[in-house]
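Here come two complexes built around chain A, the first alongside chain B, the second alongside chain C.
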Partner chain A sequence: MIGASKIKQYSNVLEKPLSKGKQEVSLSAFAFLFSELVQYNQTQVDNIAELERRLEDAGYAVGARCLELLCHREKVYHIIVKLCVMFMPFWLSQGNRRETRLLGILSFVHSTVWKVLFGKVADSLEKGTEHEDEYMISEKELLVNRFISIPKDMGTFNCGAFVAGIVRGVLDSAGFPAVVTAHFVPMEGQQRPRTTILIKFAEEVLRREARLG
Partner chain B sequence: MATTASFIIVSRNDIPIYEAEVGSATKREDAAQLHQFVLHAALDIVQDLAWTTSAMFLKNIDRFNDLVVSVYVTAGHTRLMLLHDSRNDDGIKSFFQEVHELYIKVNFLQLGCSVHVLVFHLSIVEKN
Partner chain C sequence: MAPAGPRSGDAIFASVERVNAELFTLTYGAIVRQLLTDLEEVDEVNKQLDQMGYNIGIRLVDEFLAKSNVSRCVDFKETAEVSAKVGFKMFLGVGASVTNWDAEGTCCSIVLEDNPLVDFVELPDTCQGLYYCNVLSGVIRGALEMVSVCPPMPLSPSLFIVFLGLLTSLPCLFDVYICSLELPF
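On to the complex of A and B.
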């Protein structure tokens, strides 16, 4: 008889260990799934604003779950300066740090979330010049938009609304409510416009940031 | 060793999604409600404390008679609250971490739903 390897069967999905490593998914499989998602929603709505809202809601669900999982997986190096400056121990702590500051959660989204979801960190993170509460994450081309072309009669619609929803889900669950939208920004000298995720934080976030100093 | 403990999971929107009473000590009749009341009263304290630190495990944030409230705040601001009389910090911390992992797995199914499956996990508290 051919030796058969024993595969451990988990009777309960809860007993299965939380996967530690990176799981890669086929890009074409994702692109296919995403195009189906967009097409399905297109049949359900009458106008573009509604379509954007639906994509955002879909992304929100992803973002909320993402935050919990990634914060748990992330290992953080603590650098603590003890009494004597010469003696600086580094030690590894098993995940479990929450982000409580604005810049902290923004760089978490910009680096960790983007890395896990799209395989690379976002291109840039900028603070808005006009308003205190606006921040922008820019990407030359969003992964979700790579195989999508927008017809002229849809105007400014951007399937990046899905990614905006993910960002909103992460921020909202972490306690930083914000309005997040995706925009095309035409760049000189480049054929395809850049995509910018615009994050506008709610009043209470700024007040709490000011209070925390 | 007789221990009493009351465990509650409260979501970000202050909705309890799981509660359990456990302990080997004999209980008074209104003990369960009393424990719930104490835990809910501690919610305000947790709210303020959660923003001052980036740690997840907050211990001994509140006292009632000889019972002590410890809280574990997850990244999504879901609070795992335990009312207990033992002093075993490490045991409680590892209990919280195990529940946290279970919570993450359940969270994938539905956000903020009630969780019944955690009941078997309370055996760990008995060991504390």
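On to the complex of A and C.
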């Protein structure tokens, strides 16, 4: 009873041409799916910290793949850049080379990754004032939190842990290991608190940055 | 005041908020991976995916009915057509077609040419027998149950799942056999 008609089957998924990435699904389809992810994980854990960790792990997988996808997709611009380098020097800024510097990768996450995944660049990117290794990406309302309200007894739990996992996945795969967490920051005059993704880079990243000058 | 007519899937899809399909695809992949790690048995994962789909379907049908303005379907053929043309289009952005009707008109296939759930997916040999898109079967089952298209009592749950949740593990094509054996029409 299993149906299997063949329409242009590729022997290997890697041989299939990479799509342009313009396909869309409805927001409610994603919201339903995400709610099932959270509900399933709630049945598997005993406490909030464990739930956040599981959501983060799920996001990590998404982030790692997202980085690969974005870096491969923009390759065609790189070739065009090489051909036109004599005539159009300002095109050199296009193309997704893999970032090797801290600020580069942060702005990649803040702009490119956010634009592809959530349709807009993140609201702000700030450097932490208290610690050298901390940076914060803020968003007024994370896409994943749009239809979620946290009951009082769950305290500081934030489903943005999924997005924190995505960021950690991107940074880790790009060679910038970090601890990434999501926090609610209450804002005056706003009913819903802002969400801040706090990125704390590992020692080795800062040492490497210092060495690169 | 005359009621507004039913809207086409394309029109509804254009009017709803949309997100990048890749976020959706990768999130679903993360869910399946988590289930495989937790449950390990492919059959258990299939059941869990179906259950998740069912939970989605019972809520999704409200949004479907609210946004699409479809009138009550007169027979199962119309139900299947509406689910394929309007339902799949407005949520997944891809149209589906209905084929393979049996003689009594109680069993059909809904075929998705371009399934956003299976982008970039290749099943390893250890996961043969995994119905990767089983969540879609659950969604249809949940949605139909909420609008009173139910199997008769003697039908065993496993058989119902077999009829409803069969799909290929190959990407690019998704077949759903819907058998509705008790029609309130």
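Operating definition for what follows: the second predicted complex is superposed on the first by the 177 of 213 C-alpha atoms of A that agree within 3 Å, B and C clash if a C-alpha of one lies under 4 Å from a C-alpha of the other, contacts with A are read in each partner's own complex, and residues count from 1 in each chain.
One rule holds for everything that comes next: a residue touches a chain if its C-beta (ideal position, glycine included) is under 8 Å from a C-beta of that chain, and two chains touch if they have at least 3 such contacts.
These figures come from a predicted structure and were not determined experimentally.
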First, second, both or neither for A:Arg97, with chain B first and chain C second: first
First, second, both or neither for A:Arg208, with chain B first and chain C second: first
Of chain B and chain C, the chain that contacts the larger number of chain A residues: C
Touching partner for A:Arg65 - first (chain B), second (chain C), both, neither: both
Doubly contacted chain A residues - partners chain C and chain B: 12-13, 61, 65, 69
Chain C contact footprint on chain A (complex, rising order): 1-9, 12-13, 19, 21, 23-30, 32-37, 39-41, 44, 54, 57-59, 61-62, 65-66, 69, 116-119, 143
Chain C to chain A touching residues, read off their complex: 13, 16-24, 26-31, 33-35, 38, 48, 52, 55-56, 59-60, 63, 90-93, 100, 109, 111, 113, 116, 119-122, 135, 162-163, 166-168, 170-173, 175, 177
Residues on chain A engaged by chain B in the complex (per definition of touch): 12-14, 16, 18, 61, 64-65, 67-72, 96-100, 104, 173-175, 208, 212
In the complex, chain B residues that touch chain A: 12, 50-57, 73-78, 97, 100-108, 111, 117
